[in-house]
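Worksheet: the structure to be examined is printed underneath.
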Amino acid sequence: MTLTKTTSPLATFDRVESRVRSYSRSFPKMFDKAVGATIYDTSGKAYTDFLAGCSSLNYGHNDPDLKAALIEYVSADGIAHGLDMFTDAKEHFLANFEQYILKPRGMNHRVQFTGPTGANAVEAALKLARKVTGRNNVISFTNGFHGVTLGALAATGNGKHRAGASTPLSGVTRAAFDGYYGPEINTADLLDHQLSDPSSGVDAPAAIIVETVQGEGGLNAASKSWLQQIEKIARKHGALFIIDDIQAGCGRTGGFFSFDGMGLSPDLITMAKSLSGMGLPLAVTLIKPEHDIWKPAEHNGTFRGNNHAFITAAAALEKFWADDSFATEVAKKAEYLADRLGAIADEHDLGIKGRGMMLGVDAGSGEHAAAICKTCFTKGLIIETSGSFDQIVKVLAPLTISTEQLAAGLDTLEAAFDAVMGLHRAAAE
Amino acid sequence: MTLTKTTSPLATFDRVESRVRSYSRSFPKMFDKAVGATIYDTSGKAYTDFLAGCSSLNYGHNDPDLKAALIEYVSADGIAHGLDMFTDAKEHFLANFEQYILKPRGMNHRVQFTGPTGANAVEAALKLARKVTGRNNVISFTNGFHGVTLGALAATGNGKHRAGASTPLSGVTRAAFDGYYGPEINTADLLDHQLSDPSSGVDAPAAIIVETVQGEGGLNAASKSWLQQIEKIARKHGALFIIDDIQAGCGRTGGFFSFDGMGLSPDLITMAKSLSGMGLPLAVTLIKPEHDIWKPAEHNGTFRGNNHAFITAAAALEKFWADDSFATEVAKKAEYLADRLGAIADEHDLGIKGRGMMLGVDAGSGEHAAAICKTCFTKGLIIETSGSFDQIVKVLAPLTISTEQLAAGLDTLEAAFDAVMGLHRAAAE
Amino acid sequence: MTLTKTTSPLATFDRVESRVRSYSRSFPKMFDKAVGATIYDTSGKAYTDFLAGCSSLNYGHNDPDLKAALIEYVSADGIAHGLDMFTDAKEHFLANFEQYILKPRGMNHRVQFTGPTGANAVEAALKLARKVTGRNNVISFTNGFHGVTLGALAATGNGKHRAGASTPLSGVTRAAFDGYYGPEINTADLLDHQLSDPSSGVDAPAAIIVETVQGEGGLNAASKSWLQQIEKIARKHGALFIIDDIQAGCGRTGGFFSFDGMGLSPDLITMAKSLSGMGLPLAVTLIKPEHDIWKPAEHNGTFRGNNHAFITAAAALEKFWADDSFATEVAKKAEYLADRLGAIADEHDLGIKGRGMMLGVDAGSGEHAAAICKTCFTKGLIIETSGSFDQIVKVLAPLTISTEQLAAGLDTLEAAFDAVMGLHRAAAE
Amino acid sequence: MTLTKTTSPLATFDRVESRVRSYSRSFPKMFDKAVGATIYDTSGKAYTDFLAGCSSLNYGHNDPDLKAALIEYVSADGIAHGLDMFTDAKEHFLANFEQYILKPRGMNHRVQFTGPTGANAVEAALKLARKVTGRNNVISFTNGFHGVTLGALAATGNGKHRAGASTPLSGVTRAAFDGYYGPEINTADLLDHQLSDPSSGVDAPAAIIVETVQGEGGLNAASKSWLQQIEKIARKHGALFIIDDIQAGCGRTGGFFSFDGMGLSPDLITMAKSLSGMGLPLAVTLIKPEHDIWKPAEHNGTFRGNNHAFITAAAALEKFWADDSFATEVAKKAEYLADRLGAIADEHDLGIKGRGMMLGVDAGSGEHAAAICKTCFTKGLIIETSGSFDQIVKVLAPLTISTEQLAAGLDTLEAAFDAVMGLHRAAAE
């Protein structure tokens, strides 16, 4: 097969693609290859990728072992699409997931393949929580992001995405995330107060759904004690405790789950993004057995059996999670990252946000953050923003990035902060 | 990579997979390879696949050209996951889609990548229709199937899936599909009557969403004239006309679109299933330019840029839709299929349903249909049911199946009908 | 007390009353007294009242016995407002309702005081049906009117009122009323077909709510057999059968209930309008004992205990429903009314609508109907329109009107039809 | 008319009335007469009424002037039911409302007659706010009570009433009332924070609806500064500011409006309960002219024109609000009441709640409060509870009560506290 090269390939997008497109506006180049933390445009220019598919490429682009497994599988006419039938590839994924993830953590959750997007996993989790409890109301948090299909979108905080529904969203009550009202106010206490009051107007919840670190919402990281309290509140009020680990999971904050080591026991866990290891669409909802009361096919979807993704996911679990070495390596890099971002923040009197390899600098405004990212892109660094006002410059480098490439990328980022914030300071003076 | 073989691999599923699984209950074998219309279980037994991923594998399993394109792409470190950034692979898909699909039909729709499941495409279409019209109500049809995320599920008729929501579904008014109340009643007239009456209680619609053939709903096929009338009703009442071509599109009924040659001009079209050509997750919503009023990122999703699927989809468009030969071949097979199913139906005083290569026999009850499918499976034929009572035995063979294999599969099916319906007759006498 | 007379009293309304007002636009005079079927404006001009408070004044204005009972009660410091405490007046109403209404019909419904508007009674009925069945969906009919509070409004067909909500209305599925699609189509069959199909997309209903004659919707009168079939459908599908008898009840169609003699046994019945006998606010929901599963105060309201209304209601029950004489008299008048309206309709090639003393002529268009009513008003007759296009001229005379006054009013109406339709014919020729 | 006396009149209620009844359970006597602050049971026993129709009888039972005006009006065949036509009585009410209420306060609100229950007034206000702003979301407060029809109920906090809907309630976001989280946290700041954050998940509101004192919610009284801040927040975020003055208005807290003298300018105000002066059903929504964008009849109702209520309401306005003397008298009584309740509270280490003549004692638990009220009833005092746990003993005496009767009632209350709380203390020791 030959890829058609026209004189102006970007014109195709302008002609044929919907205006809804987003990231391509920030990075208006055409890309064709990618390896590890590097992505190339069609002119051959290399970029360091600090976006990593919004945390979908935690193991980098085209990891050689995952890629080899996939090529081997496809070459042998492995099943690509299997609906939800039993396949060798799926069995392998489940077995590895059990062996490397569930068993070491003493977990016995069952795996639901929900359709291969995070939103599908969230939709399934919310449906199931309502089915299990016979209740309708779901508690989600300020600045949370859970997807844009109507059920998931109701739980999502982002105003632009909510407005996109063009219909009222219902069934969700918003609670304040950890630290939302500042350090003085324990927002978990507020939630407990409302739920303990039969006349508060907040109906008894089917579930509380929470991200441990809000990736889209501004890298707000919940503390262990707050999360423990939220879990207790869920139990106390008869709600299922759901952790949406779609962006923060798969090693992004160090452990496989973002809540590893926190003593939490979520009833349901949603995963997607980096689960397939190579960026292929895959999503699951993990379910404690006692809640797995689905009737057959009650929630389904055509692409639940994306077997290519099972192959790369199984390989990734084996490669990265068979022992602690990867987690240890990530922890080291996270420390380095925190040091470097801390220095940048200090230099400009800014704050840092996040946890693990999910860290950013609050640039103070969306304008500054956008200018910084734009500057980075001209210097060969792909990086994006996050937060209510897109004010957080967010580093989501592949976890497998080499120390050298990470350092170099951070040098570029530091220079961009200096350039933009320096200008800003100059203008202010 | 070696796939782990345990003594009892199916036990893994029993231990680790959610009880929501469905098709694996009908076909309790573990499969590992598939080529064309044949799928193999791990014991090496071959099955003819008359399910074809619920029409996601119209070009068969692992088409050699698509497979080659994919292996070449992966081997060369082509981008796997690109969010919605411009990539070579995406450009190629869009260019081919324009050249082979849109231009020959005089269409100028824009392509929205919506997240790679049909439900995502439907969610996007319904959101956009509401945004364009400023209205909330959507008309969908009895027995329609549009996905199980909450927005799409509201438009879906199936009671089991609706109950799975465990929360009321709103924003949709149900109208009767073509022929729903028998041949005497033109259901389009009923709809027009309601919409023309300001006091009917049916609010002015944002959209009318319809499948030309209801794949899940029982292979109900709408007539050309009825569809034309529905489009006129949409125009008359200010609603967008949406065709959900997820199951019936991509050649299943002959043309690329199931409505080719019907003189229809849908405002929005949803596609998924066979779009990637090889069963990889890919979904799009096609939008007339005047309705493409999305703000950037208003609807988004992590896996919008499943570049592997772009590669196989682009190759499929080039291979099968560059000229009429494939469509002609499908038309011939469809004729043969209709003859054979007609004969089966006549033999047992049953009716046939559907259109093109999306054809089935109404076995009269779900029990009969299930027994027939079970018998087929023991004889090496994978086939499933459809309809309100799962009473339709549905043939969804790959369109690329050889005449011989199609004939042999139908022989098996015929024998199963004889066995089951004969027994039934005997019991009745 | 002296009523303030300013030089231009209507200016007060213009200054101080909301623009939402409606009937005062059709009858722009200030009224101050009313007796029987006659209402007087402040200049002393007498009008015959063929509107009768939209059927709230079935026994005429200020019936002397009801008025005497009220004056006696107030003079003796009878309790006016008693929340829902036990009062003498309430006991008297309940006892009379049991004696004159329930017992003779073999009914054992319990009476819920719901807040004194029809909408409150409907809200209570819908809540209770959902509570009893554990289901959410309610079936209501095209052109039905059940009130404008959000729960009742969802069941109401009128587009203007629905739009007034400015928020989507949910929880209700619309079915076609008797004859909605013309005489050839039995709409009850259509409903049964949908409810019998688990994949129709119409969720199992909590209730079917129906008016026997649609007062606001255009005087559409359901046949006995259709209503019986609807009741059977409700039973068959596990739904409560609710008759909204707010406008058609209290003798308007002959019997106390509009369904007297039809062999129906509604689970819930809503009543308001003429229930108090004198136009005072009073509404009830009648509940079969087995469905009376309310918890104390689960539905409440401040004005449930409008004791003045209990007094007049009790007196009305005793005066008009202790024997058959009133019903017989109404039947005779209804016959006369039908003859006269039939003659008017024949003269102008129009049709008549309705049943009993709830009869009208379809003037063919809202413009004609409005012109006819306007002409009547100048001649001292108050009469209004109904229907999807306000095209029905509706006679809702007090049931106690004298034959002479009824005849005179109909003479006026006849002349107005002649004048307006004659003009129209002339213009058309 | 003779009221039927059976041997056991209460048996009628048991036989014929729905189990939903509430207050009659606390006061299981049959009442027949009432004057001022005294209500009599049918045995002639007198009770002091500290419930006053839940603040619907602020001017006492059967005020002689109001009663005389009503008898005169009825005797003269004044119109009882006038739909929403112009009547003398209505004009008189509007003129008096303008003269005695609006003008002295520099207000130019228009009066909408909404159907004669508070819930109707709230439904109209919420609809209109949504229509004016084109937004859906309404902010209401913890422990707020606004009625039990579905639209109003969504804004109501009480869990029992919400559950009565048996369907999810939507369109409302709950904010914390003044002091809800204790004195340290300014809940208005929390609300402003959420509304200022585009990613908070709290959609831009159509309205903020608030009671200045939450009558049902536990006599929580908002401070002037908090209410001013809430109004500012409404303005800042483009929402209408609605005060629900149904229970706290009509003099209950001193001024005619509960917010008199607070420098507030609500866009919409809902009123009902004591508006008619004599407990007759009447409700209005007051609308700033710029928001009075209703189309004719967009919100309607049969009993909007309860002319008897106009007569007594007009008389009450003239009698009590023509000058300051009534307000001054109420203020004095309120001071006395506060002293007495303060003493009771101090005696038992309890707190007092409320403002003006809407004051109560927090008995610590619903059990204590119920026992206290029960004791009072045996001593001839009618009094009820309020609050999330029915723990507040609430004094809602008629504002016109004599000082002697008020003192005597409070003596009874004091004794009941002593008896119940003393026992409790004894038990605890």
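Labels A, B, C and D are assigned to the chains in the order they are written; within every chain, residues are numbered from 1.
Everything below uses one rule, namely that contacts are C-beta pairs under 8 Å (C-beta built on N, C-alpha and C of every residue); 3 or more make two chains touch, one makes a residue touch a chain.
Heads up on the chains, UniProt names are A, B, C, D = Diaminobutyrate--2-oxoglutarate transaminase.
Here the structure is a predicted model, which is why all the values come from computation and not from measurement.
The chains that touch chain A as well as chain C are B, D. Counting C-beta pairs in contact across B-D and across A-B shows that the higher total falls to A-B.
Taking the mean of the C-alpha atoms as each chain's centre, chain A and chain D sit 49 Å apart. Note on chain placement: the centre of chain B and the centre of chain D lie 57 Å apart, centres being C-alpha means.
Centre to centre, using the average C-alpha position, chain A and chain B are separated by 30 Å.
Residues of chain C found to touch two or more other chains are 136, 160, 167-168, 170-171.
If you check the complex, the residues on chain C that touch chain A are 167-168. On the side of chain B, the complex with chain C involves touching residues 136-137, 140-144, 155-160, 162, 168-174, 176, 180-181, 185, 189-190, 193-194, 197-204, 217-218, 387-389.
Residues 1, 3-4, 6, 9-10, 12-13, 15-25, 27-35, 39, 42, 51, 53-54, 56-57, 61-62, 65, 67-72, 74-92, 94-98, 102, 110-113, 115-120, 123-124, 127, 130-131, 134, 136, 147-152, 154, 160-161, 163-167, 170-171, 272-273, 278-281, 285, 287, 292-303, 306, 308, 311, 314-315, 318 of chain B are the ones that touch chain A when the two sit in their complex.
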